[in-house]
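What follows is a pair of complexes built around chain A, which joins chain B in one and chain C in the other.
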Partner chain A sequence: MTDAAPAAPRPLIDSNDSRRPHGLLLVAIPVFLVAWLVIWPIINAIFRTLWRPDETGAIGFNLDSYVFFFSDQYSINNLTITLWTTLMCAILLLVICLPISLYLRFSAGRLPAYVQAMAIFPMFVPSIILAYAFIRVLGPNGMVDIILNSVGLPKIRTPYLTPWGPVIGLVWDNIPLTVLILLSGLGNVANQAIEAARDVGANRFQVFWHIILPRISNSVLVAISFAVLGIFSSFTLPYLLGPASPEMMGPFMNRTFREVNDPLNAITQAVITFCFCIAFGLFYVRSVARNQGK
Partner chain B sequence: MSVLKITDVSKIFAGPTVAVDNFSLEVANGELVCLLGPSGSGKSTLLRMVGGFERPTSGLMTIDGDDITHLPPERRPTGMVFQSHALWTHMNVFKNLAFGLKLRGLPQDQITEKVEAVLELVGLAGYGTRGVNQLSGGQQQRVALARSLVLEPKILLLDEPFASLDQHLRERLREEVRDIQQRLKITTLFVTHGQDEALAMADRIVVMRDGRTEQIDRPDVVYREPQTPFVAGFIGTMNLVDGAVSNGRFTRADFGLDIPIPDGPATLAIRPEALDLEAAETGEAQVHRVTDYGTHGLVDLDLGDGTRLKAMVAHPDLFSAGQKVNLKPQAMAAYRDNARVYRS
Partner chain C sequence: MKRRDFMISAAGVVAGSALLPRMSFAAEGVIDWYTSSDSNILDFWTNTVKPAFEAANPGVSINLVDAGDGAGIIAIGERAMAAKQQGADPQADFFESGDALLPAGAIEAGIYTNIKEAGLSNYDKINPLAIESDYSLPYRGSQVLLAYDSTKLSAADAPKNWDDLVAWIKANPGQFVYNRPDKGGSGGNFVRRAIHQANGLDPSAFTVDNYTEEFGNEALTKTWDILADLAPSLYDNGAYSSGNTQSIQLLAQGVVTMTPVWSDQVLQAIDQGVLPADTGLVQLQDLALAGGFTRSIVIENGVNRDASLKLADFILSEEIQSAILTELGGFPGVSWDYVSPELRERFADIVPTTIPTFPGGAWDGAINDGWYRNVAPNVDRNS
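Up next, the complex of A and B:
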């Protein structure tokens, strides 16, 4: 008869555990889909626009499509209107959403609950419905015109089919996400931190500027980055509400691809749009990292 | 001279909930008054009203005769130290202290001088460049105190400032705060639900219950001569025995005592340290448990009907569970209709 050796205690995490691949399998599907549907098309698009045949038919490094984009005034105008629209939307979103979020954070009762519901409501409205609602209200002979007409006032100059059309629609469309992100950031500002500021003599504006804003700077960055990334590459609202020329990059790409039947230039426009978005993304990541490092 | 006067102040929240009910108090120059009471007694609401963070429903508050009842916090000559420190984590220690001075438009050299002086006062000289998250809980509380003191407020308000600290640190900090308060002779209103803190720090204690004053007195008086059974039960350990008086004798189960008050129900209050025990064959009470604390012992007693009493004894080894004893109170008070009717 031999003495049985005492069993060694099983480590909490076993590096040889045969179940480990199961965990990797769980993430494999989304990783594969991202690689297949996002990363591969990006690499492919960049490759197809940079590595292609010249006039002689020889395949090599070729920047012609980019040279064309940046030398074509119409393309430049489209990029400019896209940047302008994005900037205007970002500014308006901050101007509109920050007061709403502050009100919701520092108010109690039934009215703020209704205001929050109204602020979140656009999230549940599809862009196409929003666009047609916009046209029916602010478009030519829309509700505003009819009301003004009924009281004998002149018609308004409608923003429909002007650069302000997409701005209004995109701002309305992005209010819910922006408010939610800002509200989440404001939730981290303790009431006592604000009361302490008032106690040492800060008025409401000084409390906002010196205490609240620095504490929510990350949330502002996140909110604006999300909005900017979405707006820069948006399609439906600029297509339905914006002018035919200049047009934002989304409709421009669509028209170049479908109507002009010029896939190379459409892909070039997509790569340029992607480069701007990745630049916004990198700026956001750097700013957040810097703020967290403080 | 900085005198805080609170006259007939009430605060009714929606509901309606009466948080503070017709409260009056005068805090003399350089005095430290402690608002003591259980949760929901209205002490923090009262402090917040003095700080301007709550508006009184009615009443008047003055500092040195100036009406501050409806002034916003930023225009009051008060400085508040919050329970959670409420430091601004995006600023370092120096900036936390300098913020209020900057708002007052002081030149930079004066700001630096004042901040360094007050950091020295609270024992944090050289900590100006530290981030507040790099400090311990005690250091953070010192910074919070320094932030209020640097503005030289007429009235210092302390809202349970040691609640988030451990026992050892709490005891050390309360001594330091008391020293600073006495050195600066700053009028102070201090909220706590810790009776030890109140007894150790206060010049006077205001015991509050349901938004009302139960008793305002010096700590020793509140401890030794509680005016109501609530104060008697809230401050320190107190044996409260409900019973009846008949022909000048109070009785409860086998326990009896002569008290010269009219017949009727009464509540007897005896401190454990004022209750002597005498071993007896057929005693008034039975020893339930004996706990030896080294310096003294605590004997839990059963009166026979489930009523439990505590007696502090010098020699716990003389008593054992199951032993019968007679009770010999050396000092006591009797209460009827929420008022003291007898004291010995």
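Up next, the complex of A and C:
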């Protein structure tokens, strides 16, 4: 996924010879799979929630399940907490990952290699293990509490089973991808440009604001839309670390479908979730398209 | 950049190999066995039932597969129905835990064996109260108990009826937690006990097909009042753990003093040292917390139908039924008359004469939806 972020350079030889159907054949399989396993179920879900029998049994255009969702305070609360969690995660990810990436880009030696390894590490930890480790460390009477207690400090207010639980877990889980994308964006910043700015007396903040940020704004957008897409529909961490209510859309959909045996409302929730995700996805598509247009 | 490339390609290889189709065919003499139960049940089969059965039946072995949850078992049942239509091999012989009514139409399609008429030598020993269908075999039961930290609460002070329990929870705010009713039976059956409490302590008032919206609203609204009244006194002013294991974890970390638990899981947790040996267990005496029986199913069109029936007969034998008590901490599926006298004596105290049960069906959806809407949102949580 990460190498999709920066636009691949156009091939040096771009003659008509390379536009034979081989290329189309190579992409045919993934395109077919996406159409079959992603696009078709989406169309199917939209159709099934909009075109169905009403109370009298007459099949027709029917918005009831959407009206119910948006008039039901419980559903609205779940959607709100999902948006809140996503926003918090996006802000925290930027605040945490931008300094790490800047550090990794502009320093040399062995220490940055270790820092990078640390930053990539969460990629290899399954989220279920992360969730239980979180409970052992940040949970009530967990490791942090034990350490604080041993030096005579009061216990922390544990984020376990509160809305902050999933936020902390999801941020940790998404650090690697965000750092990698930002790092590849920072690769586009030429050292000469920074040196030139310094020569005319720019301080560190001015270099960051006027030289680096404009060059990487695209990567920031891509990194955030990737993280947001994953977080919005996340399941495991909100399920294990979050409160019973309000719940994020992932656990909410799953519960409505399996536990409440209500496929219609579950699909409606899925379509609504998908609409939010497609809005975030358009950011990504737009920035890639803009990049390729250059 | 090389580090990154390596990691990306390594991740790709791992992801790719996980997606490769697994080719498997059912083999004669290998019983394809599926469960939806927790891992302690899988351990019990791996360590106790499988070796004993294979020793008693040379040439037959059991392939133990975890189907995940109830929905996983239903999916395999649907596969068996599809295989039956096409005359193909369902690649499944035995469900450790299943509902004969699911997937809908399975009995009519003829994929489940009629166990009553299959001629099992031990069939008559089954506890008649546990039989739900001729197509499923209740072989073990489990009850929900209250487990408590005996360093903070003495056995003499442990609540023994619902009113005492409510009084204790309110007198000790933050010391009780139960898990969300859909995320594990210990919290689920605590909620069902509250339903019994709100409706005259009569389990027979609820049956699998007597759910109507009107009766449901009436019975459940009273229950939500009881539970919402308890909420501010629960752990963290009304937080609910997300599973049976997490409740036990909170008890083990000394965060709460008492929580509802499955009898088999808590005995195993004590056995493994997750909970201390002096963890107290108590059952409410006015009406026990609801429990239930686990029912096995034999697949009629499976390659190893006959061997599976032998297995079904085997798990009703005194050897396995005693092991369910001693090693699993569960209840026998057979009547108590068929359990050895010394075991009957030893477990007399914690074993109630009946395990109240609560029906599934439409009640499940109503309880799971209603609890989340009426009990879980706790507006005063941060006050």
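Quick notes on this structure:
Criterion: the second predicted complex is superposed on the first by the 258 of 294 C-alpha atoms of A that agree within 3 Å, B and C clash if a C-alpha of one lies under 4 Å from a C-alpha of the other, contacts with A are read in each partner's own complex, and residues count from 1 in each chain.
Here is the rule we use: a contact is a pair of C-beta atoms (placed from the backbone, for glycine too) under 8 Å apart; a residue touches a chain by one contact, two chains touch by 3 or more.
What you see is a predicted model, and the numbers here were worked out from it, not measured in a lab.
With both complexes brought onto chain A, simultaneous placement of chain B and chain C is permitted, the two fitting side by side without a clash.
Once the two complexes are laid over each other on the shared chain, residue contacts for A:Asp262 go to chain C alone; chain B is not touched.
In the superposition on chain A, A:Asp199 makes contact with chain B only, not with chain C. In the superposition on chain A, contact is made by A:Pro214 with chain B only, not with chain C.
Once the two complexes are overlaid on the shared chain, A:Pro140 sits against chain C while remaining clear of chain B.
Contacts of A:Glu55 after superposition: neither chain B nor chain C is touched.
The wider contact with chain A, measured as residues touched, comes from C rather than the other of chain B and chain C. Once both structures are overlaid on their shared chain A, chain B and chain C have a minimum Cα-Cα separation of 24 Å. According to the touch criterion, chain A has no shared surface contacted by chain B in one complex and chain C in the other. Listed in rising order, the residues of chain B touching chain A in the complex are 51-53, 72-74, 78-80, 82-84, 86-90, 99-100, 103-104, 144, 147-148, 151.
The touching residues of chain C, when paired with chain A in their complex, are 3-4, 7-8, 11, 71, 180, 182, 236, 239-243, 246, 249-250, 253-255, 364-365, 368-369, 372-373, 376-378. For chain A in complex with chain B, the residues that touch the partner chain are 190, 192-193, 195-203, 206, 210-211, 214-215, 294.
Every residue of chain A that touches chain C in the complex is listed here, in rising order: 2-3, 74, 77, 113, 116-117, 120, 123, 135, 139-142, 158, 161-162, 180, 239-240, 243-247, 255, 258-262.
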